[in-house]
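Every chain is named by a letter (A, B, C and D) in the order it is written, and numbering of its residues begins at 1.
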């Protein structure tokens, strides 16, 4: 029991790091495309770790499947929305940031 | 316990701060986005208060559908504050009433209420016990569903009426316009819709079925379905013209009319409004929830589209003035 | 035969019937006017049957689904509910007939007519459901039903002024109903019930209850357009098509007022309401004078009538300070009587104004010059209906004011006397102004033919309004059955 | 300071913030947002005052009432938005005109 709790705590801490990184990127990156990149990648991973942590804690396989489904749906939706935002930005003539 | 209290405090402070920020923000698009975030956090607050049904409804209806409505409205409205015409001078009374109301009335009322509530110790046990006792004869196994569909079904009937009435009002105001430019559909979105639509239908059915014994039910399920319909509209599906007449109206009205019919039938047979026969209560509630879900889904989606379908009775309107609804 | 009448719950059918008809009118827009007319014919019959059933049976309160009251929703067929149902049925029937002429079935008004019927039937059903409801939360839902239908009906005209008026009305009533709902929430949190009768028994005079009461009363006062909060009413009531103006002034404003009556006399009698009563009385008095003065200086007939409504609402709020122990029944009956009389009279006036607008092309009062000849019938009808607003003797308005004066004298609040009297004089003045223009000796070119559906229904209603005082005994007795007031009415009725 | 009381107080604060914004702001969408916030505050009072004791489970009756209330306020939001869009199309304004008596006829 203690071991699963330890793993959960570890995973949650890890996810926290990813979320922090993603949020930092969202706030600090220079243009829209970079921000999208930071947000989707880091946050999806962070959410994955949270889901994993919850899976370890759950006591029935139905809950595990549901959690997995949630993560997959968020991945798909997040990717599509990021794509749509980037596409619209490109159509509106936003130039990618150059150093 | 202490930890939970800290969580509550953080949640509530965030909610109040969000409400203040979104109402004070100078950019309305930003305000709408913050409002959606506010709705999601509010759903969390409902969970903390032990009201998961309300949380589901808030996430689906409060944040989801209201957010879609606001974004579409903003796309059509524009965010600048325009005046036209001369502004006449305010009378003395009007001049006086605003600061009095805002500066004195609101703070004092809130303060009195807050002070009184802190003294108020909740002595009543609520109606939970009564609901639990009567749950066996209600035809469902979930307290909230029993209250909605049986104990206070008259409220629910009238509320279905309000929904239908809202749609009739919307149709009386405007003709439907496309939500977006037709040539602008991303293949990515189409793919997502193909993937999500079946899942959404399954989830809606699941939420509806779950309402019998756990949080869920017609509203939440209908809201999910209507999100599916909106997604389908976004990737370019349209209702065939021959289905935009009576059959669409039937779909929109079926939830309310079946409820009315059940009310009339129970009134005829038992002299009491909406007193379901004991043996039929379960199946009647199931029937009512099924048709309600279908109607709610159609009504909410139609409300977002925002206007009556083009028909022979009304004048043709200029369709080139279509405004792009989706903003980024 | 009597068995059949007693056994049916007619007052419940009066809510289901218009709601069902509204759905039918939405589904079959081409037949909407027929559906509306049939419903309008059936509802007065149902009202008569409901009254007959109520006089024959003892039970006045049933609950939806027969669930016990803290849980179920109480539906009541007491005097107030029955009287309001009956008046709504009468006024609604005549407005429906008028609307049949106002919205022609063919022609370019078609799309407006198409949506008028379902909206109006929804409003009617909502009003009826509101009158019979004995549950604070159910009252909120029905009030919102009525409000939403009113908003859509105001906007039906489609012009920018109408849309702005509708939107303003929407925000105002949203504000009012949310304040009301907050009060309901606090009451439920304290007593775990929203049933009017149970709450009336349980309520104690705590400060939290006073806060809840203030919130609810403030919200409802906003919705019923008492003086400083009346600013939305003239625009909303004049921008709408004529039958809608009639509905709004005659019925919709009364909805919030009926809830107020129920709250004041049935939920909050245990609370200390004297100060609030005097405040409402003061505002009502200002409303009488201010509304009448504003009516006197209006250029347009419909605005004049709308400001006259503001003044009449002022009279309605005199009930609250006047209802002391010994004068409670007089004041209460006066309020109910005035509601009924005003509903008939004001509906007739708005319909006439609509017809005049239709025929004369404008409802500017100056354009009425010489109208007494060609459209004399209309002017006569207007005068008859105005009789009840002024308070001429055989009208219901006269008896209501008589009761108010009576109550004021008995309870020693003589200062309401000059206000009621000056309100009456001012009302006579603004009506006389209209008549003065109409009977000026000016030759007018011929007017277009008035469809008879727009001519006769208002006449019938205005005659009823004027003669209401002669038949007031029965409605008053009916209203007193199961009323929250018990002391004898200190006046004899009849001519 | 029990959690239920905390939530009730927050509900009243939300109500006041919404009320203030509804009266102050002129843009129609802001007014709509403000009304929605007000409604959320009212619903929070409803639910939080229904939480009794330490059970942590809300009374089902106010939950059902709040569900009804959410749907009703959604209806008003939808109608208000369409009205605002329609008004904007006719006048080009996104606010209600301040003056009362103009634009008659």
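Please note the rule applied: a contact is a pair of C-beta atoms (placed from the backbone, for glycine too) under 8 Å apart; a residue touches a chain by one contact, two chains touch by 3 or more.
The structure presented is a predicted model; accordingly, all values stated were derived computationally and were not measured.
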{"item": "Third chains touching both chain C and chain B", "value": "D"}
{"item": "Result of counting contacting C-beta pairs for B-D and C-D, higher pair", "value": "B-D"}
{"item": "Maximum centroid distance from chain D, chain identifier (CA atoms)", "value": "A"}
{"item": "Chain A and chain B, separation of their C-alpha mean positions in angstrom", "value": "28"}
{"item": "Rounded Å distance between chain A and chain D, as computed from the means of their C-alpha atoms", "value": "32"}
{"item": "Whole-Å separation of chain centres (CA-atom averages), chain B against chain D", "value": "12"}
{"item": "Touching two or more other chains - residue numbers and ranges from chain C", "value": "71, 137, 141, 144, 148, 151-152, 155, 186, 189-190, 192, 231"}
{"item": "Of all residues in chain B, the ones touching two or more other chains", "value": "109, 113, 117, 122, 124-127, 131, 147, 151-152, 155, 159, 162, 165-166, 169, 173"}
{"item": "Interface hub residues of chain A, defined as touching at least two other chains", "value": "none"}
{"item": "Contact pairs between chains, per stated definition", "value": "A-B, B-C, B-D, C-D"}
{"item": "List of chain C residues in touch with chain D within their complex", "value": "71, 137, 140-141, 144, 148, 151-152, 155, 159-161, 163-164, 166-168, 170-171, 174-175, 178, 181-182, 185-186, 188-190, 192, 231, 234-235, 238, 300, 303, 362"}
{"item": "Residues of chain D that touch chain C when the two form their complex", "value": "8, 12, 15, 19, 22, 28, 31, 35, 38-39, 41-42, 45-46, 48-50, 59, 61-62, 65, 68-69, 72, 75-76, 79-80, 83-84, 86-87, 90-91, 96-97, 100, 103-105"}
{"item": "Residue numbers on chain C that touch chain B, as the complex places them", "value": "7-9, 12-13, 16, 19-20, 22-23, 26-27, 29, 62-68, 70-73, 75, 110-112, 114-115, 118-119, 122, 125-126, 129, 137-138, 141-142, 144-145, 148-149, 151-152, 155-156, 186, 189-193, 207-208, 211, 214-215, 228, 231"}
{"item": "List of chain B residues in touch with chain D within their complex", "value": "4-5, 8-9, 12, 15-16, 19-20, 22-24, 28, 31-32, 35, 38, 42, 45-46, 48-51, 53-54, 57-58, 61-62, 65-66, 69-70, 72-74, 76-88, 90, 98, 101-102, 106-107, 109-110, 113-114, 117-118, 122, 124-128, 131, 143-144, 146-148, 151-152, 155-156, 159, 162-163, 165-166, 169-170, 173-174, 219, 300, 303-304, 306-307"}
{"item": "Contact footprint of chain A on chain B as seen in their complex", "value": "186, 188-189, 191-192, 195-196, 199, 328"}
